[in-house]
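In the two complexes that follow, chain A is the common piece, with chain B as its partner first and chain C second.
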Partner chain A sequence: MQRIGVFLCSGCGIGEALDVAALERAASEEKAAHRAVHPCLCSPQGVATIRAAIDDGSVDGVLIAACSPRAKVEEFSFDPLKVAVERVSLREQAVWCQPPNHEDTQLLADDLLRMGIAKLAKMSLPVPFTAEISDTVLVVGGGVAGLEAARAAAAAGHPVVLVESSPTLGGRMSGLTHLLPECPPYDVLHPNRIAELVAKVQVDERVTVYTSARIQHIAGQPGQFAVTLTTPQGEKSFMAGAIIQATGARPYDAGRLPHLGWGSSPNVITSAQLDEMLAKGSLQRPGDGALPKRVLFVQCAGSRDPQHLPYCSAECCGTTLRQVATIHQQHPDIETAVVYRDMRTPGQLERFYLAVQSQPHTMLTRGEVERVSGNGRGPLQVHLRESLLGNDITLEADLVVLAVGMVPNAADGEAVRALHDAKVRAEKGDSETQRRDAAALAEQLAHHEGTEILHLEYRQGPDMPVLKYGFPDSHFICFPYETRRTGIYAAGTVRAPMDPPQAAEDGWGAAMKAIQCIEAAKRGAAVHPRAGDLGMPDFFLQRCTQCKRCTEECPFGTLNEDVKGTPQLNPLRCRRCGICMGACPERIISFPDYGVDRISAMIKAMSVPEEFEEKPRIVALMCENDALPALDQAAAQRQQWSPWIRVIPLRCLGSMNIVWIADALSRGIDGLLLVGCKSGDDYQCHYVRGSQLAQTRLGNVQETLTRLALEPERIKVVELSHHEFSRIPQIFNEFSAEIEGLGANPMKGF
Partner chain B sequence: MAAIPALLPSTAFRDQLRRRGGESAARCYQCATCSSVCELAPAARPFPRRQMLLAQWGMADQLAADPAVWLCHQCNDCTVRCPRDARPGDVLGAVRSLAIEKLAFPGFLGKLVGAARLTWPLLLALPVLFWVTLLGLTGRLTPPAGLEAGWAYDALVPHSFIYAVYFPVAAWVILASWVAGRRFWTALGASGPRSGSFLGNLMPALVEVATHKRFGSCGAARPRKLGHLTLLWGFVGAAVTSGLLIVGMYIQHLPMPLALDHPYKILGNVSAGLLIVGAAILVGNRLGDRKAAGASSAFDTFFLSVVVLVIATGMVVELARLAHAPSFALSSYILHLGFVLCLFLTFPYSKFAHMLYRTLAMVHARMAGLEKR
Partner chain C sequence: MSAAPQQLPLLVVGAGISGITTALEAAEAGRKVVLVEREPYVGGRITRTHHYFPKMCPPSCGLEINTRRLERNTNVRVCVNAEVTAARRTDTGWSVTLRHQPAYVNELCTACGACSPVCPAEVADPFNLGLARVKAIRLAHGNAWPRRFTLDRAACPAGCRACVDACTYQAIDLDAQAHEETLEVGAVVVTTGWSPYPLEKLPELRGGLDQDVIANVHMERLASPGGPTAGKILRPSDGTAPKRVAFVQCAGSRDVNHLPYCSAVCCLASLKQAVYVKEQLPDAEVTIYYIDRRAPGRNEDVLTRVAAMEGVRLVKGKVGKIARTNGVLKLKVEDVERGVLSEAEADLVVLATGMVSNLKLQAPPFGVLLDEDGFGLPGHDLGLSVAGVARRPEDVAASVRDATGAAARAIAATGRRG
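Here is the complex of A and B:
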């Protein structure tokens, strides 16, 4: 920006702890066009002074040197298309965490101010993005989650296309006689109203339903998905603004459970088969067609078992309770027994559990079913280990029901892509070894062949990436429905195992997200997690070397590639994390208010004393999603830490470009601390892979440092959760001590 | 451990348990809150969690031979804390009533009293009818004419009648109790080794019975403990008075009826007072906080009612004599004799039998090293 206005606040104790007049002089040294000090900048009068400067055109960049960018967000909001704003956190990063009126505190504040001005000077205003955006929501899957999603989106005025692969709507719920209790006192079965829901959706004129239909392909980006379906009526093409994947789940393959009698006796069935019988009102032993006298349910059949489904499917306990109650309703004389490892009946379901337990001829007991033996004729023997009676026991039953878990109906997009790549390499590989290895990989991944559901034309694969258990990846605690494909939301049992009421709620939730996405796309704004961010990534493609690091590392599949490997940007898929920017060795990617040169400018703007013994300098690159809020929290508690640290907030640690490390070390900075979110299976990164990618990049850097005779310990990565704010002083102080132990950066003064 | 074949829980047992007020056993999910709050459970063999499980599975044989079932005083500390409202105290009460029936000799009498819910009119009426018939046949259904003030009940029903009926009945009850008690003792022995002498351990057990020290450690049932202890000592006083009267009549040749200030009379009336107070506390407790008091099954109510009827008619009998109302006195006396006979005869089969089984279980617990916490 050309005309920078620096607005200093002296409230909240800033004026008492710092020499604000000196800071104003520093701003004038940095050639700020406009400077002002206000005793309470967030007050209407304070904000008015900023607005006046914007309105009279004297500033196009506003630097607010007051509190954390996470505080007073409403007050300090200005038209993003008119003015660039940068916040310098004097209060949290200097006043609250350092001794007042100390020379080092003043130096820290001075640095923070100069860094902010340097960054702001390099910022530009976003260019409004306009494109034709489709209002249509595509719902994939006509089970309860899909139907509710369609209903919700239609109720909000959006056209909906509902695609279902089977000939009828309703999904797995349509075969059920009853549902679990849904209203007080939660102890009697609830009628299944799925038919009413199907009818409501079918008569809704906003909803177009295609049954027995498949997706041929989906190209484009949020707001502009070009969808082609194969339907019995022929090919259908249309635009959609957002997509909800509600493809549900299927029962785990009982064929893999021979030890539980599956296959050796026809009288061992799955809960899905029992539901079919109960729906027809014809409960019988498949072996001889007789009415069973004793029915035994085996819970966790193949679930919570590392050999089968390692996870809990959450609804099988409820399903069994529902079936036990239904059997009792249809045949009060049949004895039922349930052998469980733990009954998991969250919420009000506990009341129904109690009601079923109290029912005559019903017995629920804990135990591990080791095996089920018997044939089609006599009763089955169910062998239990670790029964509560303290010994191994055998139970007899005429019919054994295996409560099997759920497997999501989702394709592993990345694996499908890897299979495709391996096949290409096996054909046209450079060497015999490469071709052989690729063929082996293709063999290993062969079971992904033909599993595609969404058929996305994305460089990273035709379906969404999945978590380790095969559910489409999402930050499911903070951001349910989110997936790693912007504008595509997962709902219902494909997202996580759940029961019908939860799936219904999921459908509504995903519909709300889809609508948000369409509305954001219309404004050219990011939808999540930097909601409303109007800045688009800019690729200076003339300098691109087609290294494909950006197209491979983007966690959201934003970039496609042309045949040469040049990235093709789909800006509406972008989440503005800057991971591509961190990956790019040519540094050709930037955002209007964020870029490699912006951060480099900040590093260069700070003062680096040449005498190490007095003033070592450490740069802390901190993720603004978890680490920075944690720092604010620690500061709010007036925790104190080393005055040598200069914090630079990053959108994601994954946006860290290694040139910053080079810049910092060559400037004589003595240490670099990189603070990101937790990585791994329980990652907390808003952008999924940020900290992990930063770690990988840093591994390469540290090798280089060793070659340059610099201690690799000068750079340290720390993973921090928001709630671990009390660790901040310890992290900072320990690292400061380590750096003091290492001594001065030998490049200091060069 | 060898696998044992087990069927699904016995439906018959569950139905029985339901009729005895123990159907809530099915609600138990084995969290063991009950065992950890129980003040009486030995640390080495805590109860009643395991007994709840046995009740769910319908393992009647194991329950009938389990001392824990009887070490429980049904104070309901567990019931008031059970998160599932499975009411372990009531379940054990029901289990005890089934155990009494199972151990009874002869079995059909156990079943007859066990079904008190249906048979109570018969059980109450038959002994009364017996006395009416006996006195009717001997022409004593009306008081003799010309009774003077200061008459004794011997004039209405001769003592010889009383001895002729109650001594054989007592002998029979002792025999029936002996057989059932032996069965129980043998079954208990199978549950673990015992050491020490029976009599040597009986004394401390009787001291415990006399003081209710363990019962007193229960939290929820303090009023019941007081009522029960008062009632117990009332019965002891009444029994001692009866013995003293035999001494008084046949050795000291005291004139009957005794004056109100005679020590034997005072003892008798104090005992009666204790009985009234004790019974009133117990009845009041049952009518009050139902959860802490426990469910009142027909089996429980029958026994308590007989006790109350015996006490009430006994009081009326004394007052009627003092009021010189011979006709009323005789009819009350017939009822009193009938109810006492009922109480005697049902001793091995009604809740009264807890006196026998609980004492034996306490002796067993001492001998098997289960009494220590």
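Here is the complex of A and C:
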């Protein structure tokens, strides 16, 4: 920015602990066009002084040197298209955590101020992004989740295209005679209203339904997805603004459960098969067509089993109880038995469980089924290992129902892409070894062949990446609809194991996210987690070396590649985390208010005393989502720590560019502390892989450091959760002591 | 003349994780929203929770993003310390009356903290469920948002103005008055959440009678770094680390004499808390007495993890009675597995008390249809929906799911923007 206004607050103890006049002089040395000190900058009068300077055009960049960027956000918000704002946290990062009126505290504040001005000087204003945005919501899958999603989006006024691969709508729910109660009375079965829902969607003029249809390909980005379908009426192409994947789940393959009698006796069936029989009113033993006298249900057939599905499929207990009640309705004399490990009937489903339990001819018992034996003749033997009835006992039944779990109908986009790449390498690899290894990998991944569902034209793969256990979501507790593909939301059993009412609810939720994404695209604004951010990434492609790191590392698949490997930006897919910017060795990626040169400028703006004995210097690059709040809370408690540390908040530790480390070390800064969030399977990173990527990048530079005779210990990565504020002083002080132990950075003074 | 419904804001009642979610999802789609909360801060029950299952991560991490979304979105108006006192249907939605409690500490507060040290009055800390004492004027908790202090005015000594004198920013007004406001809104979403089933209703388990018989919600506070013990799990009676910790499942839930339904989260809460105990006190013996171990979906991971832990026993059995004999807590357990009645001792007992819908305790005046347990039912028109635990007992992930869908319903009720 050209005309920087520095607004210093002397309130909240800042004026008593620091020489604010000296800070004002420092601002003047840094060529701030406008300077002001206010005793309470966040008060209406204080904010008015800032507004006045903006309105009379004397400033286009506002530096607020007061409290944390997390405090008084509403007060210090100005039109982002008119003025750039940077916050310097004098209160939390100097005054509250350091002794007042101390030389080191003043130096710290002076550095923070100069660093803020340097960053602001390099910032620019976002350029409003406008593009033609489609209002249409594409819903993939016509089961209950997809139908409800279509209905919800249409109810909010959006055109909807609903694609279903089978000839009819309704999905797995169509085959059910009844449903579990969702409202009183809770102790009886309720009618299945799926046909009404199907009819409602079919007559909705906003919804276009294609059955027996598949996706041929989807190109583009949120607001501008170019979709082509293959339908019985031929190819259909249209634009869509957002996509809901409601492709459901399939029953776990009972063929993998031979120990439960599957395959050896026709009288061992799955719960899905039983539903088919019950729907036709033709309950029978497949072996001889006779009505069974005793039906036994084996719960957790495949679920909660590390050999099969490690998770609980969440609906099977309810399904079995529904089936027991339906059998009882159709044939009151048939005996039913259920062997379960834990009966899982949350909420008011408990009342239905009690009702089924009290039915005559019904036995529900806890036990572990070891095996089911028998053939088509005579009764089946169900061997229990441990049960409430005793150990090693055998129950007889003439029909055994395996309550098989559910497997999401999601393709592993990254695996499909890896398979494709391996096949290309196996063909055209540079060396014999490379071709052989690639062929071996392709063999390993062969089962992903032809599994594509969405057929996305994304460099990172044709479907959403899946996480643990094959579900395509990314933050299933706090933000359950988030995925790693912007504008594409999963709903229903493809997202998580759930029962039909939950899947119905999920359709509405996913529709909400789809509508919201379309609205954000119209404003050129980011969606979650930096919702509303108007700054778009900028790629200075003339200097691109086609290293492809950005296209590989973007957690959201924002970038495609042309044939040469040059990144092709799809700005509406971007979440503004800056991970691409951290990955780029040529430093050609930036945002209006965030960029490699902005942070480099901050590092270059801090003073580095030449005498180490007096003042070592440490830069702490900290994640603004977890580490910075932890620091703020530690400061609010007036915890104290080393005065040598200069904190630079990052959008995500994954946006850390290695050049910052080089900049810092070459300036004689003695150590770098990188504080990110928890990585691994249970990651807490809002951008999925940030701290993990930072660690990988760092691993790559450690060797270089050793070559430069710099101790690798000068750089330390720490994982810190939002609530671990009490660790902040310890982390800072221990690292300061470690750096003191290492001695001065040998580059100091060069 | 009344405004067209799509120009009217949506009203979300209750700013726990469900209400925050409904408000934000609608606001980020361009709708105006008024979010009403009776407490002085948003976040509700999750602010008192140490970790979420199954990832064992702090709720404040997701809440950080949500408060950032709230403070940067001009479409949302957050009204804390406020309640809906009246509501009636109109042609375009609802006309509601909001009562704003007196703003003794107003938005000029900078959270500098000058007032607390000079305050002479102490009260039982409601945030820490009475496990600690705090000043009458204080920040409600470390991550409280909106970030301003709160004053328990009833606790002020007569004539005391110490905090007013200490405040440089004219942020404290001891004479502030409550006021009412009428709002026209297009649709209403009720997300009033839950309260823990009171310990006092379980005297047979020494609930409310014994300091060392706590509820699961207390355990969350003990384990939390912002809690009364700075995160140390200590027995309330003597401040020592417990060697034997017993978790009693279905304390009130699945019991026709208390709550006939399953509260859906207590198994996972106890499994999660067993991890807290073992991580902090590796030598402690933990026993969980359960009827069924209910860990649906991916939550199974927590059960798998805890079941494999050394020093943790999962016993299928119903705890019928707890007594303190010769200073020791003794549990009478019907061990269903072995078919015997047994007795066990514990230093600290955690009762996995269930969730009571706040609609059962105090329903806002919208005429929400309730089931006999006070959970809000579907079947209203789109202009009134219920989400989160006000709808059914469920965990955070499910509450967020329902709350997002509720935002879509409210938008559908009021037609399309523009």
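Points to keep in mind about this one:
Just so we're on the same page, the second predicted complex is superposed on the first by the 744 of 750 C-alpha atoms of A that agree within 3 Å, B and C clash if a C-alpha of one lies under 4 Å from a C-alpha of the other, contacts with A are read in each partner's own complex, and residues count from 1 in each chain.
Following the convention adopted for this analysis, a residue touches a chain if its C-beta (ideal position, glycine included) is under 8 Å from a C-beta of that chain, and two chains touch if they have at least 3 such contacts.
Just so you know, these numbers come straight off a predicted model, no measurement behind them.
Taken together through their common chain A, the two structures put chain B and chain C in a clash. Using the contact criterion defined above for the overlaid structures, shared-chain residue A:662 touches neither chain B nor chain C, since it reaches no partner. In the superposed model, A:343 lies in contact with both chain B and chain C. Of the two partner chains, chain B is the only one that A:294 touches; chain C does not reach it.
Of the two partner chains placed by superposition, only chain B is touched by A:365; chain C is not.
Using the contact criterion defined above for the overlaid structures, shared-chain residue A:480 touches chain C, although it does not reach chain B.
Of the two partner chains, chain B is the only one that A:357 touches; chain C does not reach it. Between chain B and chain C, it is C that contacts the larger number of residues in chain A. With both structures placed on the common chain, the touch criterion links A:388 to chain B and to chain C. Touch criterion met: A:396 reaches chain B, while chain C stays clear of it.
After superposition on chain A, the chain B segment that clashes with chain C is 26-34; the remaining candidates among 26-34, 206-214 or 260-268 show no clashing C-alpha atoms.
In the three-chain superposition model, chain A touches both chain B and chain C at residues 343, 366, 388. The touching residues of chain C, counted against chain A in their complex, run 24-26, 28-30, 50, 52, 55-62, 64-66, 68-69, 71-73, 108, 110-113, 139, 142-143, 147, 168-169, 224-226, 230-231, 254, 260-264, 292-301, 304, 316, 336-337, 371-373, 375, 377-379, 382, 392-394, 396-398, 400-402, 404-409, 411-412, 415-416. Within the complex, the chain B residues that touch chain A are 1-9, 11, 14-15, 18, 23-24, 26-27, 29-30, 53, 56-57, 84. Chain A meets chain C in the complex at residues 11-13, 39-40, 42-43, 67, 70-74, 77, 152, 155-157, 182-184, 186, 304, 306, 310-314, 342-351, 366, 388, 468-469, 471, 475-481, 496-498, 502, 505-513, 515-516, 519-520, 527-529, 531-532, 625-626, 629, 633, 636-637, 677-678, 682, 684, 686, 721-726. By the touch criterion stated above, chain A contacts chain B in their complex at residues 294, 296, 335, 337, 343, 354, 357-366, 383, 388-389, 391-397.
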